[in-house]
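Read through the structures below before going on.
In what comes next, chain A is part of two complexes: it sits with chain B in the first one and with chain C in the second one.
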Partner chain A sequence: MDLSLLLTDVPTLVVVIVGVPAVLGAYILGGEFLVRRLPDRARGSVRPWIWVAPALFFVTAFLVAPAIGTVFTSFQSHGGDWIGLTNYQRQLVDFPNGGAWIAIRNNLYWLVLYTLFVLFFGLLLAVLFDRVPYESVVKSLIFMPMAISAVALGVIWKFMFWYQPADAPQTGTLNAIVVNVFHQAPKTWLTDPNVNNFALIAAAIWGITGFSMVILSAALKGIPADLLEAARVDGAGEITIFRRVIFPLMMPTVVVVGTTLVIFALKAFDIVYVMTAGNFGTDVLANRMYKLLYQADNPGGASAVAIILLLAVIPVLIFNLRQFRAVEARR
Partner chain B sequence: MTVIGTWSGSELDSFNAVVKPFTDQTGTTVNFEGARDQDAILSTRVAAGNPPDLAAAPGPTLLNRFAAQGKVVDLGKVLDTGQLAKDYSKSWIDLGTANGKLVEVFSWAALKGLIWYDPKVWTAKGYQVPKTWAEMITLQNKMKADGTTPWCMAVESGGDSGWAGSDFHKEIALSAAGPSVYDKWWAGKQKWTSPEIKATWTDFGQVLGPGTSNVYGGANYVNNTYFGEVGNHMFTTPPGCYMLNQASFITDFFVKANPALKPGPTGDFNFFPLPDINTKYAGAHVVSADAWSMFKDTPQSRALIKYLVTPEAQAIWVKRGGKLSPNNRVALSDYPDDQTRSIVKLLLETKIGRYDAGDLMPSDMKHAYWTGILDFIRDPTKIDTILANLDKVQASAYTS
Partner chain C sequence: MSSVTYDHVVKRYTSDLTVVKDFNVEIADKEFMVLVGPSGCGKSTALRMLAGLETITEGQIRIGDRVVNHVAAKDRDIAMVFQSYALYPHMSVFDNMAFPLQMKKMSRSEIDKRVKQASGILGLDNFLKRKPKALSGGQRQRVALGRAIVRNPKVFLLDEPLSNLDAKLRGQTRVELQKLHRDLETTFIYVTHDQVEAMTMGDRIAIMNAGILQQVGAPGEIYDHPANLFVAGFIGTPTMNFVPVTMENGNAKASGFDVKLPKPVGADKGILGFRPEALTDRIQDDGSTLEIKVEVVERLGSDQFLYGTAGEDTITARVDPRMKVAPGDRARLGLDLRGIHLFDSQTEKALL
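Entry: the complex of A and B
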């Protein structure tokens, strides 16, 4: 093996392993040292800032500043001239099939179907598996796709959706079932515009259901058994208990998982990129942004799409924060 | 030093074989970074001020963009231009020149628009190699009348899906519309909806047949199948299809999938060039090549680029198969077999040589072209919508 590359990286490694902790340690000790020198009254108001400052710095440098830069770029042409809203206009003219509209439509599909199905399956599996002795085994199995990278997941599902002409042996799992069990013509899952978006979303749902199930299951386990017992003693059936007791108590968790999924749906990229590359009417905003930036060399247009995406995510974030606060307040 | 390119697998082995004598002689190790997603990786690295020393791209589009930004070194000051002019035909030098600077050089090439067939099957069926476009259409109709499917075609290729079909179309475009329309077309000065270009799509549609019925498996199979698998149905008994259009590199895929196949007029696969459509433009062929640009002017990168344009370096890969050399000094005897030699002869005898139009277009025009091909294969009756949409892309693609 060629170790020369490793040797040239030794200084970097030293900085990372020794330098970073040393700087952080010095910062904390130095900060505390200075705070102690301050008058008693000032300490309380200065100390939090000392601790928050590094996080603030990193968020500003790596998130806020680039976001502001993106806003600026979205109003500029490639040469850096100010062109007002032209980049946005280019993305948003030609409703319903031009510009970014196909991607916006597909993101809405993702938003609704992906979020609802993942919550539904997650809740269903969490509640049902809670009642069987082999719970941990099946839960591990359902959770397993979470360990696969989205790219590998895309490749696996590409094989699942594989198409061969009707007279050739079907090598894709789904078409093998369609042809041999249902005796229908094989379907082109990934190129038929009537089904391909749903095929992609189905693959994504398969990948993430374990996440929703595990969190919802944890919330379910947090419901006191005596509460359910009391409801049963009062004569409530299992379905009533779920509707009136379990579901309301799990609501805050459902909302948190739901908003997380909404954000996942809005930034859907990898599965689409791997499986169809956004062709055949499956484009989504994140993939469009990528294509505009790297294939079309159009940073203004890409920034405009990024800002549209950001604007779409902000209400969800605000809702999520409010929800967190509401949960905190209840405690 | 670092080199970024798109090769992987056996192609990467071949590239490493090319570089080995260079490393042995100079002691410079070349770190090759393979990037399937070259547009993104190279753009990011160049924008971040951390470009590789050299980059090889399968077409000049991407490198032209960096050349326009002034990010690449003028090779006219690095290479011996006198020798270069002797080794390469003028069209290759022109192709690599932008604003009077030599920004790209070409190391290996492929000839497009070759039609592959199985000579044994053809002899048994009594099919003759067509000399003209009309003969080819007659042959195609005869195959259909025999109850078989004439064409093998597959265009799936991940994010680049559609290019394999666009190769067939642009060969038709060059041969039917001629080089001046072709040049205006890729430069964005000829509308897609213009009668000249629309006619080339109709010609391509004639090959596909009504509802893409002339192609094995129909539109669904074409759009859903990896381009490299295209040959598989030509070599089954009975064959699923009888002709396939692809550049010279496809033989590599034939032999990988079916190691027993032998090339040649009496072997299992042979080729004929796509017949001339308009006799005015006889001998027109589309070529493609690996383009090199230099991003960092260091003694090592100078040495490597000088080495890569030599016939010695290029012959190493040529001998291993799958590539042709644009360098006149690479001997015919360096090619692995007679079939490759006849392809090289065709390349050298090309009267009207043009570079791959898609590769010359700005990236979003190129990708829209490929997507247009996919949509056309899906439903050739949508030709007007597809071309109108391409015109719309054309209106913005060349200005940004």
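Entry: the complex of A and C
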């Protein structure tokens, strides 16, 4: 390793290690010093702002400002001329197969299938594992894919779905099963437009089910054992207990997990990018935005797609925050 | 309405953790039976086995003539009131009480009728639409009772139902529960660690300690004739005085006094027990007396407790509040021989 390179970076390193805490410390102490000078009444209303200001600054500088910039860009041509809604028009005019429509359709697939299956599996696993010995071991196994980066996950499943012609040995797990167990011709999982979207969604579901299971399992454990015993004594069978007692009590958590998953589905990018790069009819909005910007050099089009995505996410986001607050308030 | 029989019931979790040992009780139809004992004595486990919430390791539990060992909780037709009340938080008071009836697939009008009837008895008419969260502790407790009443069950189980109420409400509810038992004419099995609840409410009391049934009997019988040292010490406040004695010529000799035993016993050592109220300031000529050195005096208005020593033994006495006595005094008290007990020092069983 070339140490000289590291040495040239030493001043930067010193600035980062010493400077950042120093600036933060000075800000806090200075802010507090100034607040103390204020009259008693003003102090209470000023102090929170001193503490919130850095976060506000960073959010504005790195999130709000770029978002506003994106809105402007989406109304401009590549040269910077104002062209009104032309960028949006180009994305949306060719219904149903042109522009962004394939990506919009696929995002809807993701939204529905990914969300519902992850909720279903998460709930099922949470309820079932609640009743087995070694619960924590089994749950850790299901949770493990969460520790894999989405790119690695994509690569793993690319191998799982790998296609070899019928006469070659099948190295993809799924096709090996299709050929050797069911004696069928190998399938082109990732290029066949009839199945490839579902193949991608299945890989994503595998990756995220642990997340939904763990949160739903925590909600399940929050239900007092007394309630279930009371229901049993009251004459309810296990399925009735789930339907009438467990599920209603878990509902707020199910809604929070569900809306979070909807946002994940709308943001889907990495798995698609790694496994098919959005080809063969598997494009999604986030990937289309990336392609328009970096491959087609069309910042106006990319910004338009970004804004469409943003507009789709905002209502879900608001609902999610409200619901989260409602759950907190119930505690 | 049904009798309940525990027949050599054992609950074992692991080979060296047995929480209920050879438990035998017959509870008659319409009886109010109280299971009482210190925490961890197995009384709740015994109740939960009857409810079907715990498996039975050995022995049989019968409701009426039916062996219920392998009957699921939902099919046993018993109602249970939990210490925490275990109300369904997402359901209204009405729905909480209607739930067990809905499970029986009862018609809507019948459910409505029964819930209204129960809410009338319990004074919950104005709260039927509320969620449990919006109720006070006492109201929640009544909803829990209501949920049990509406079913008209064979057996009514109550697991420490009063322990989350404040003292005043607990006293009231105690009385209401007894009325309820009389009105419903159902078998009640009531678990508590509180000996006052046990003494005041039970037709009979079953006292447990360390998983073993110590004694079953009517409250008065248990108070007057405790079968062993544990029962004698557990029932009664302040607790019974225990004094080690040696036997000489039909007399029990303690460190500071002698007592003539009403009948001879076949042991030369033992533990003499007598309740604080067996001591009195009115001394009969033929009675035994003992002198205590008074250390603390507690005047409660209706009673006066003296704490002191006789010889080397600590003694508590409950005497007439008009007796003039001060800490540091030596007081001569009479001992009512009808109130003395003698226990074997090894087996701790009653000898008299």
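Miscellaneous remarks
Here, the second predicted complex is superposed on the first by the 328 of 331 C-alpha atoms of A that agree within 3 Å, B and C clash if a C-alpha of one lies under 4 Å from a C-alpha of the other, contacts with A are read in each partner's own complex, and residues count from 1 in each chain.
Everything that follows uses one rule, which is that a residue touches a chain if its C-beta (ideal position, glycine included) is under 8 Å from a C-beta of that chain, and two chains touch if they have at least 3 such contacts.
This structure is a prediction, so every number in the text was calculated from the model and none was measured.
In this superposed model built on chain A, chain B and chain C occupy separate space and fit side by side.
Once the two complexes are laid over each other on the shared chain, residue contacts for A:Asn279 go to chain B alone; chain C is not touched. Using the contact criterion defined above for the overlaid structures, shared-chain residue A:Tyr290 touches chain B, although it does not reach chain C. The superposition places the C-alpha centres of chain B and chain C at an angle of 150 degrees about the C-alpha centre of chain A, rounded in steps of 10.
Applying the stated contact rule after C-alpha superposition, one finds that A:Thr191 touches chain B and leaves chain C untouched. Set side by side, chain B and chain C differ in how many residues of chain A they touch, and the one touching more is B.
Within the superposed three-chain model, A:Pro48 lies out of touch with both chain B and chain C [touch as defined at top].
Legend: residue contacts after superposition of the two complexes on their common chain; A:Pro39 is shown touching neither chain B nor chain C.
Looking at the shared chain after the overlay, A:Ala236 reaches chain C, while chain B stays out of its contact range. Look at A:Leu227: by the touch rule set out above, it reaches chain C but stays clear of chain B.
Once the two complexes are overlaid on the shared chain, A:Arg244 sits against chain C while remaining clear of chain B. By the touch criterion defined above, A:Pro96 lies against neither chain B nor chain C after alignment on the C-alpha atoms of chain A. No C-alpha atom of chain B lies closer than 52 Å to any C-alpha atom of chain C in the overlay. Across the complex, chain A meets chain C through its residues 224, 226-227, 229-237, 240, 244-245, 248-249. Residues 29, 31, 37, 39-40, 43, 65, 158-162, 216-218, 220-221, 223-225, 362-364, 367, 371, 374, 378, 392, 396-397, 400 of chain B are the ones that touch chain A when the two sit in their complex. Of all residues in chain C, those touching chain A in their complex are 51-53, 72-80, 82, 84, 86, 88-90, 99-100, 103-104, 147, 151. Residue ranges of chain A in contact with chain B, taken from their complex: 2, 4-5, 77-78, 90, 98, 162-165, 168, 188, 190-191, 273-274, 277, 279-280, 290-298, 300-301.
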